[in-house]
Amino acid sequence: MFLTFLTFLPLIGALALAFIPKEEEGAIKQTALAVAVADFLLSLQLYADFDTSTAEMQFTMDVPWITDWGISYHVGIDGISLLLYIMTTMLTAISILASFGIKKHVKEYMMAMLALSTGMLGVFISLDFFLFYVFWEFQLVPMYLIIGVWGGPRRIYAAVKFFIYTAVGSLLMLVAIIWIYFHFHETVGVFTTDIMLITQQINLDMIEQKWLFCAFFLAFAIKVPMFPFHTWLPDAHVEAPTAGSVILAGVLLKMGTYGFLRFNLPLFPLASVEFLPYVCGLAVIGIIYGALVAMMQEDLKKLVAYSSVSHLGFVMLGIFAFNHYGLQGALLQNINHGITSGALFLLVGMIYDRRHTRLIADFGGLAKVIPVFTVCFMIMTLSSVGLPGTNGFIGEFLVLLGMFQNEMSYAIVATSGVILAACYMLWMFQRVMFLEITNPENEKLTDMTPRELCTMVPLILFVFWIGFYPKPFTKTFDASIEHLITQVQPEDAHGSQDHHASTETTIKMAQATAVQNGTH
Amino acid sequence: MSFVSLAFLVPLFPLIGSIINGFFGLKIGKDRVSWVACAGPVMSFAVTLILLFSTFFHPEGTPYPEQSLFTWIAAGDLVIDFGFQIDPLSLVMMMVVTGVGSIIHIYSIGYMYEEYSYYRYFAYLNLFLFSMLLLVMGNNLLVMFIGWEGVGVCSYFLIGYYFEKKSACDAGVKAFVVNRVGDFAFLLGIFGIFKMFGTIDFTEVMTAAPTTLIYDGEAATLITLALFIGATGKSAQIPLYTWLPDAMEGPTPVSALIHAATMVTAGVYMVVRCSALFNMAPLTMMIIALVGGGTALFAATIGCTQWDIKRVLAYSTVSQIGYMFLACGVGAYTAAIFHLVTHAFFKACLFLGSGSVIHGMHHEQDIRKMGGLKDHFPITYVTFLVSTIAIAGIFPFSGFFSKDEILYHALMDGNVIYWGMGISGAFITAFYMFRLVFLTFHGPSHVDPHVHPHESPKVMTLPLIILAFLALTGGILGIPLIHGWHVLHNWLEPVLAFDLETALHASEVMLAEHGHHTSFAEVLHEAQNKSHNIWLEITLMIFSVGVALAGIATAWFFYIKKPELPGKLTKGQWGFDLVENKYYVDEFYDETIVKPVVKGSDLLWRQADARGVDGVVNGVAWVIKLFSRAASSFQSGFVRNYALIMVMGFIFLMIVSQIEI
Amino acid sequence: MELLIFYPLALVSVILAFLVVFNKNAIGSAVCLIGMMLGLAGVFVLMQAHFLAILQVIVYAGAIMVLFMFVIMLLNLKDDDKGWKMRERNVWLTSGTGVLMIGVLYKFMDTTAEAEFNSPATVPDNFGTAELVGTSLFTDFVLPFEVASILLLAAMVGAVVLAKSKVD
Amino acid sequence: MVPLSHYLIFSATLFSIGVLGVLIRRNAIVVFMCVEIMLNAVNVSLIAFDRYMNQHDGQIFSFMVMCVAAAEVSVGLAIVIALFRNKATVNLDEINLMKW
């Protein structure tokens, strides 16, 4: 019940906003912020009450909804979704605070943001296919409006592209869901859309799994976005208002990776293993390609957007490592990317508000004028680069370590993305922050306001917290990951079988490998 | 209470200093910034001394203490502690880092005093010390890696300290990116180690290495090779050395601390730390020795042609680190560490001395515009000269002992080629270092008449004197000939001990289990038959001192006796041009790697992404739009057209239904 | 007897309907339409639907057609509609469609209604009276009836609003 | 006796005429009248079926059709008036507000 309350609190807030006259902009902003912050603080209670020792769903609520079709309102949280949930509430609060400067249709904007929050939270807690799909589509609408109404000059194009792209993917998913629904009835004899039940009992052969995997894959791969389906992302990011970009990067992309963890792996284990080379191949391409393309960007937001493509490639790689390290890294990298990219978009938004340009060439020498901003930007840049001691490193390290245990070649190629990340981020940082001030307009810039600082401080704290002491975060994953691995059970696992094995076994296997590779 | 529990204080002090200066530096004023900044390293040094003395009383044969602060990363069976290791090897490095670090901090007070963002400099510098201490103290590869990357990023900031200069920024980015190439390999090495050993804790890995890896096996070779590539990035060896000369854009004390004494030697430290792995991979060892020797010689030749005082020293650093790797490559780890320590002393002194000159000359770095400065800079001159003699390897200065130990081992444990590279490098080193001294301090003055050179304040000269003293006397750490006297060797013995016989036997067994019957008896025999030959060592010493003196004499001949000769000889010589332009390596990298990547990325973005991938997407949309355009022409807005279409549809349905009937 | 009444009535109705369509004058069309409706009322009587026949006269031929006349006169349309011309490209389409439609309709009617219902059913005397229809209307069909009243109310309001306000 | 099919044919003829009118006339008011013809044609067939099947439902339906027709005409004519006010014409060929 608490979970339901938390999830719908923003929506209730949005409805409450409807009753505030639209001239009272201050009241609207404060109410929206209060709702979002309250939601965030209350959601911390979930973390406090969360039992990390079990992979079971927690805080569940199961109420029959459309009984004739076996649909119920079934929600719950496990280790995979807990942190995503809390991060969503946090980023909502931050992005509402960050969008106090919005000029037109303040009321509608705040309502959209809060409604969006409910949609996103719903996706992470739904344990019913129907409910999941409802939320999945529901959150599209406010996001579409946020981009399309409050966006930049090409907002309509970007919004429509975003919407159609996502909708096309999710429609295929819907077809797959319906197929599963009837298939489950044929084989088990029950009409149900309960995800947990279906995951436990469904019985699919290889061909069926492959097709269904592809349908789900397309929906989630577009959302992630994986390599050939990524082109909506730069457009959407560039046109979206700052808060929109933050939410988009911070949460919406995570819904794709979350989908892989919740559906593709447990439902279609055989197909997952079968498709591993392709998915990993795309992920690796995404990592390198995103980084290379990011390097050439002239627009700051586009650069961060392409870096997202690269970072999400790491997440996908971790998921398809099928072992504890990789999955843990992927989940952590999810959170990390939400924090880091979210912060980078916020920062870009701040200078955009001041200068009304995002072109790297228009800046230069900002370090001297706005030192506090520079420090924040620097920290986030380094986190994005994956410097040890920041959050980015832990995730990337675990992902690559996991992949290395499973398929060495992908890991080796992907690791080179680390070099490229340094290239594009630092080069950008240099061109924006360092060198001499060439544009006189930059000399008059004002440093961060207290409000803007408020949006950044929590994110910076998380950067170092996760970087130096990630245990409070990773421990929530453990049980769920173990459970997930038993569900997948890769049959051709090379290095991943030994995730239960003791160190000695590992060493023995390693010896065997060594002998195979021995030159003598 | 064990003193080891104090270990965490060593990196903590600089970190606190960095945080205070970084956040409040502008408010508390320059004097307090200096106090805060210097207090950190000095206190760390004090704690390190306590740890050092407590280790003197460490009972023999027991494992050295480790301090684990907390579990850092835990995923499945991977558990990585955030822990420190206090053993002889890390203590040596900690002494160097905190000791030399403290001295350079004090020196910086004088050198940087006029800078506006003084606090920023010290915040970075303290942060660097913190990272460097993590690097040397970490008890597993990943803590080391934090430090490893941390020093890289601090180096990036400090090189780019004068961030309004484009060259400085470019140099910073270059340093970081090139370092990252090395880090990439280092990471792969860590992954490989984890795959093989299931842990990345130093003690566990090194204990397990002889019985887990196969001698000269592919796994051992690949892992060590990856680690070594990591080391070449950090320690500026061929092929990743190009960033170091550019890094001279940073303030001079930074060059002294980071790019001479500590950070660049991290690669050597890492190889020594992982010596057990490297001992299992003779192929890698050979590559290390060749790369090290090659770099020593190669960089030295470039050093002869440079005109920027700091660049000469930079190439000299590259060259000297090459010696250290040469020592590692032949298995003489003690010699490598010994040279690392003495090099930290004399090279830091040289850099600080050059900084003193640059400071007194109002940031003039070209030695062609110097000359005859010894009267203006009496203290700087003496200390500079002492260090130069030390680097040239003249008895009884510290460089003599360490370099000769390397050369001896290169011949005894390696072969004549290694020794040849080393000895010719030594000759060139003596030559170009004295060339530097002669051009800067002797001869006629070419100083710009508007510049009035002046000796530096005491806060700068005192560190010079201390370092010069250390450069002079550092050799007592490793007096050769009689083994009992070699303090460093005895000190490091427990860490570097390696039982080759057991390792080879284990490898034979492992191979035999899989049907490969190989005997390593020959290898073992060869290793055991190496004996210490005092007379050969003495002969080599005399010879190398002679070589060094010859180098000095050559320099004297060219730059004091006949100063017009070098210009005449080198004019129009394509060989000289080649060397003066650093063998065009930078240009080569630029053309073969940087430009293709940049151009390729541009192509990738503008063609593949915008036109290709997005083109397909937009193309689909375009086709749909085409159809809907056609369909929307029905939507004329005229009611009667709608009615007509409706009726046509009705008729169509009727006909269809009739056909079915 | 029925035959004698039905066919003339039907013929007249059809002719009047044609005149509605092809009359150049809107008033003329309206008058023809009234005539056609009266003819249909006659057909209704023939089928013993007395109540509806009355309604047809009162509501259709009366109320509705008055409305038409009223609007036509209000707008004072003169030569706005010159006959029944249509846009060129639609001529052949329309006529073809028309021919096809008639053909299809007849074919359809033939096949469905030929076999049975050759003669009317025997019905009670009070068939089609206001009493019987009213009873049915207020018992079985009371909900549609009420809905119809709401519809009329809504239409009334709508008409007032539309006719009154100036549409931009 | 008149067979049912004759009534239906009669109804269909009227309906077709109505459609024809809708399709070829340009005057909005006349178009409305043609719609009325179509509605009436339907009524004929409804009542004819009633008569031949001895039931009342069709008559009720016709009644409803009349209601709807009344409503439709009143609203429709109001629209025509509003249109005429704005466009000064009731010529459908000049009115294409419904275009996409």
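Per-chain residue numbering starts at 1, and chain names A, B, C and D are given in the order in which the chains are listed.
Note that in this section a contact is a pair of C-beta atoms (placed from the backbone, for glycine too) under 8 Å apart; a residue touches a chain by one contact, two chains touch by 3 or more.
What you are looking at is a predicted structure, and each value in this text was computed from that prediction instead of being measured.
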Which chain's mean C-alpha position is nearest the mean C-alpha position of the whole protein set?
A
Give, as an integer number of Å, the spacing between the C-alpha centres of chain C and chain A.
64
Which integer distance in Å separates the CA centroid of chain A from that of chain D?
59
Just the number, please: Cα centre separation of chain A and chain B in whole Å.
36
Report, in whole Å, the distance between the mean C-alpha point of chain C and the mean C-alpha point of chain D.
6
Interface hub residues of chain D, defined as touching at least two other chains
19, 23-24, 26, 93
Residues in chain C with touches to at least two other chains are numbered 86-87, 90, 94, 97, 101, 105
Set of chain B residues in contact with two or more other chains
638, 640, 644, 647
What is the complete set of touching chain pairs?
A-B, B-C, B-D, C-D
In the complex formed with chain B, which residues of chain C make contact?
86-87, 90, 93-94, 97, 100-101, 104-105, 107-108, 111
Contact footprint of chain C on chain B as seen in their complex
638, 640-641, 644, 647-648, 650-651, 654-655, 658, 661
Contact residues on chain D for chain C in the complex?
1-10, 12-21, 23-27, 29-30, 32-34, 36-37, 40, 43-44, 47-48, 50-54, 56-57, 59-60, 62-64, 66-75, 77-86, 89-91, 93
Chain B-facing residues of chain A, complex
161, 164-165, 228, 230-232, 289, 292-293, 295-297, 323-325, 328-329, 365, 367-368, 375, 382, 387-389, 393-394, 397-398, 400-401, 404-405, 411-412, 415-416, 418-419, 422-423, 426-427, 430, 433-436, 468-471, 474-475, 478, 481, 495, 499, 501-503, 506-507, 510-515, 517-520
Okay, in this complex, where on chain B does chain A touch?
22, 70-78, 82, 142, 145-146, 148-150, 153, 156, 160, 163-164, 166, 169-170, 172-173, 176-177, 180-181, 183-184, 187-188, 190-192, 194-199, 208, 212-214, 216-221, 510-511, 513-514, 516, 518, 597-598, 600-602, 604-606, 609, 613-614, 617, 621
